[in-house]
Amino acid sequence: MADDLVTTLADLKEKEALGIVQKRLDAGEDPLAILDDARRAMETVGKRFENSEYFIPDLVYSGEILKEITDLVKPKMTKDVEVKRLGKVIIGTVSGDIHDIGKNIVTFMLDVNGFEVYDLGVDVPPQQFVDKVKETDSSVVGLSGFLTLAFDSMKETVEAIGAAGLRDKVKVMIGGGQMNEDIRKYTGADAYGANAMAGVSLAKKWIGDG
Amino acid sequence: MTEKSPQQLYDERLKRVNDAIQLKVPDRVPFFPATHLYAAKHVGMTFEEAFYDSQKWSEANKRMILDVDPDLFFSPGFAVFSSGQAFEAVDFKQIKWPGHGVSPDHTHQFVEGEYMMADEYDALLDDPSDYAVRTYMPRIYGTLQPFTMLPPLKAMLFGYAGVGMTALLAMPDIARALESLQKAGLEAAKWSGAMAALDAEMAALGYPSFAGAAVVVPFDLVSDMLRGMRGTMLDMYRQPDKLLATLERVLPMLIGMAVSGSTMSGNPRVFIALHRGADGFMSLKQFETFYWPGMKALILALIDAGLTPCPFFEGCYDQRLEYLNELPKGKILGMFDSTDVFRAKGIIGDTMCICGNMPMSLLQTGTPDEVKDYARKLIDVVGKGGGFIMGCRGVMDECDPKLVKVWADFTREYGG
Amino acid sequence: MANDLANTLADLKEKEALEMVRKRLDAGEDPLGILDDARRGMEIVGKRFENSEYFIPDLVYSGEILKDITEMVKPKMTKDIEVKRLGKVVMGTVAGDIHDIGKDIVVFMLDVNGFEVYDLGVDVPAQEFVDKLRETGSTVVGLSGFLTLAFDSMKTTVDAIKAAGLRDKVKVMIGGGQIDEAVQRHTGADAYGVNAMAGVSLAKEWLGGAQ
Amino acid sequence: MDKTEEKLEQWCSAQGIQFKDAAAEEAYKKRTRRLADAIQLKVPDRVPIAPLVTFFAPNYVGLTPEEAMYDLDKAYAAYKQTALDFEWDTAFSHLIAFPGQWLEAFDYKQLKWPGHGVPSNRTYQFIEGEYMKADEYDAFFADPSDFLMRTYLPRISGVLAPLQMLPPLRMVLPYYLGLMFMFGVAGAMGIAGALESVVKAIDAFAKHSASTAAFGQELASLGFPAIFGGMTQAPFDTIGDSLRGTQGIMLDMYRQPDKLQKALDLILPDAIQMGLISASISPSPTVFIPLHKGPMGFMSLEQFKTFYWPTLHKLMLALIDQGLVPMPFIEADYTDRLEIISDIPKGKAIYWFERSDIFKAKEVLGDRVCIKGNVPSALLCTGTPDEVKAYCKKLIDVVGKGGGLIVDGDIGIADEAKPENVRAMTDFVKEYGVYR
């Protein structure tokens, strides 16, 4: 039964998955167990994405199904689910750029891989990254950008982190659009990720579990 | 004896009409003369003035209604549905109106034509509004001819390229076309406002108005407004599937139009002029295939919405009366032209209220006795047991005021 | 073969009829023979209309097919077709009225019944009727009208015919819309017809050709 | 001579252009010939360089994007100076610097632009959104233009919000009342004052169009052809960008694939017509087709084959059929789908690659289509002239072999590109790109 949900959700069978959840709830099962299965399914989705079996549409769709499952389960929950997290990562699309597709994928993949992700959204000013690092004590920051204007914004963000005296406490990774090794050098970031999986690998390497 | 208040009179008249519609016996035979442009003749003004001068036209109707004293009055805004100024502003091609294509003393007339070509069904079905804007409107409004130069309206979806479309709107020709439309809109709004005010004034004086919306059945829409009679007839043979698909497609439009019109006016009676389904205009089999399904569906939908369909059966329906018995009882006001209403009473008298069918020839060229004789026969035969409203076969544009008075007086006296 | 075309056309089988015409033309047949068959086909259509087997759409459709046939045949014709006609009738919708449906049907029926018809169209001023009667020497005129305004236009037209001194040479029939005996009296016409067949009967009665 | 050849010859003949002098005429004809040869996979005199320019031109002359969008004359001058300084084989106008007055007058919701949501020194950006909801396909199908007029436009333009009050335009079809209804509301629209803003917007756009048209004429008279002719979009992008949004259209591929398919088919004829109409008012026979949502990662190969490629393919074939030259800008990475898109008639299209493996593209479809691209923005913005030259050398050596290459940046010239890098790229191609 439990495996069923994991497989069904991972296979993106929306109706079947929701049917299973409903049945299990009706049977009085612990909501946390259901969510745990859903989480495991999302891990499978992430794996498949890594292996290029799945693509962005599959991530989007699985996310939608998960949202529906959560909506079904939530009213039955008495306490919040607590998941042990590997570590904290701050993510955002840098100042001046409002593209979010790439950033959302990295967020998704970090999340299903067990990280606590603080998603600052798009067009994020450097200071906001700095403030969030201070507030959460995260040790990894991911800067996303699609347009060429992001080259400079990333540079400014890395500089702001340096000016705040945090540069040696955090690792900065960049990615998206036109980003490559040249741009990493230009911005002063620690690493660049060619895709979402690279971002996850970097986070694991830096935070542990690598 | 105390004088009745206008509100009492209003309620009384409406009850009289509603009793007839519900096939009950009213206190007396209700009287509904389809006066149309008759008010102009009644007070001695031209039809042209009726189309151009809302104040004069309103006053003429007020005086005429008070004189004729009907139980339902034919709203002047129904007869003159918009002003000559509005029509001129867009160079409206589909009608000729008094002083503009027809004599100042003659009624407006529809210009029969193929406003949609035989090979345009797909365009209409695929994107009706685009078809309306870029193909149909330029044909019926002379000033909108430049709209034919517009790209498909869907072009607006094509990002940078679609944005370029707005530049076309700045072309002087297009700009002028839009201006003409706006001007016509303002004129039409002015006119509608004046007509609504007259209706309200008459209501305050105790007179309910006949209908709050007008609509046509799907087949007539295609035949009148789009393909023309000849085109539609050929389509029944050459491309029946496309014709049927179009009839199906326009049905919800028509229902929506009637329902929203009634909601806005607060009057549940919906006028449906039937044009091209009469005896002779098509075989029974064609009637059954092309005309009746849409007509029936429209009428049922209106009844479902709590409205009272008022079909005017133009021409003769002697061969098709049995179909009408498929409709619900006591919900419809049927207005009859040359159908044999004396025979019809026996066939559909239990289904719908019959209104009609005083010959226009008598009201225009007859003698008082002829008028009375015919009215007496109507009341005696068709009025038997209720379910009848005194009316006439067509519109009263040329009627003789003296004969109209004879008719009205006689109906009130004898119909009691 | 010849019978085929008349019947196929009368049965409104458009494609088949045109196909037959094509074949007969290709075989080098006399175009006049083809047109004659087509005319006979139209006569059958008229008969069926009289018998209420056919209705206006059938008339319209047969007219369209006939037009197609004529277009195919015409280029092959060396001389005009001459048909013996029973007599001449002038037809028109009277002044102020632009409705043509009823008028067109009467024209159609008069034509297939062998009359030479002069169709003046719609919104025809009284004088134009007078002029046409003079020009053609027709002795029958048909006045059509759909609206009630036609009552007076018809009267004006009859008066104009009278004023021109033609009244005793010409028979006037009226019809359409709300026209009935009362209107006939009002206008001073000789007769009114309730439908197209009545018009044909009147013409036959007045011009001969009645059975 | 086939239709494409005919159109290209017409372009090369430079008919109707008033040249400044004989030298300009010769230069123009040389340039168009060079481009026409590259398109037809012949060996030109040298590798053409014909970049698209967005805000590089204003940045280059010291104008902010905001100024370029609000001051037509300054924008004109900036793009002209850029064209004259670099002397590429084409001149790109300020077409793409949308007039800010137009966006403002419409209260346009689909873009953030300098001074309106983004800083004055930045490019405008598209705002992702579900401008058509998942359950609105049927309304769209029932009457597409009505849906766009009364539902879509009010969502993308604050000023056009009163269109919501309009009755469906199709209501003009049924009888007199339809007409009355129309009239009444047309009047109401006028009173609402929306029309005034619309007139303002239209005026701003018309001025902009006139200015870019004048630019095209002047630069042509100076010897610079425009390579960008018409413009259209892949149906999947039209539905995805303008209506359903990225997330929406992705979900539709799973939840309502039939409706999505129907919408794609529905919009295809319009996509074709857009290409034809826009190309008809330009001397250049190319039709620019920016591709957004079809690359690797954005959808599986299977989804690409099912949803993206069929209507794009038909669109390009229809344009080719009329002698036009489709020029898709193939954004992001198409390396695994090169075989699929190679199904195109020989020598009749330009494929502009961004991040696909352009060298592999040469192998896979170099014998079918002219390849455009793809000097990386990263290099142009942060690299050195030598690095730029090295990349261009490889490009010319490998992709330019035997003709069929037009050099451009990967996304055109990046807004923030260093002028010295652009200079290096330009000079190097002109010198090293000569076919000997």
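Points worth noting:
A, B, C and D label the chains in the order they appear, each numbered from 1.
Note that a residue touches a chain if its C-beta (ideal position, glycine included) is under 8 Å from a C-beta of that chain, and two chains touch if they have at least 3 such contacts.
Keep in mind that what you see is a predicted model, and the values were worked out from it rather than measured.
Centres computed as Cα averages put subunit A at a distance of 33 Å from subunit D. One inter-chain figure worth recording: subunit A and subunit B are separated by 64 Å, centre to centre, where each centre is the mean of the chain's CA atoms.
Looking at subunit C, no residue sits in touch with two or more other chains. Shared interface positions of subunit D, i.e. residues touching 2 or more other chains, are not present.
Among the residues of subunit B, none is found touching two or more other chains.
Chain contacts here run in a simple line, from one end chain through to the other with no loop closing.
Pairwise chain contacts present here: A-D, B-C, B-D [touch as defined].
Looking at the complex, you find that subunit D touches subunit B at residues 96, 98, 102, 142-146, 148-149, 152-153, 167-190, 195, 198, 201-203, 205-206, 208-209, 230-233, 237-239, 241-243, 266-267, 270-271, 273-274, 277-278, 290. Of all residues in subunit B, those touching subunit C in their complex are 96, 102-103, 105-107, 109, 111-112, 229-230, 233-234, 236-238, 280-283, 286, 338, 359-362, 364-366, 370, 393-399.
Those residues of subunit C whose C-beta lies close enough to touch subunit B in the complex are 12, 14, 54-58, 60-61, 64, 96-101, 123, 147-149, 151-152, 177-183, 185-186, 195.
Residue ranges on subunit D touching subunit A, taken from their complex, read 112, 117-119, 122-123, 125, 127-128, 246-247, 250-251, 253-255, 296-300, 303, 376-379, 381-383, 387, 410-411, 414-417.
Those residues of subunit B that touch subunit D in the shared complex are 81-82, 86, 92, 126-133, 136-137, 151-164, 166-167, 169-170, 175, 181-182, 184-190, 192, 213-216, 221, 224-226, 250, 253-254, 257, 260-261.
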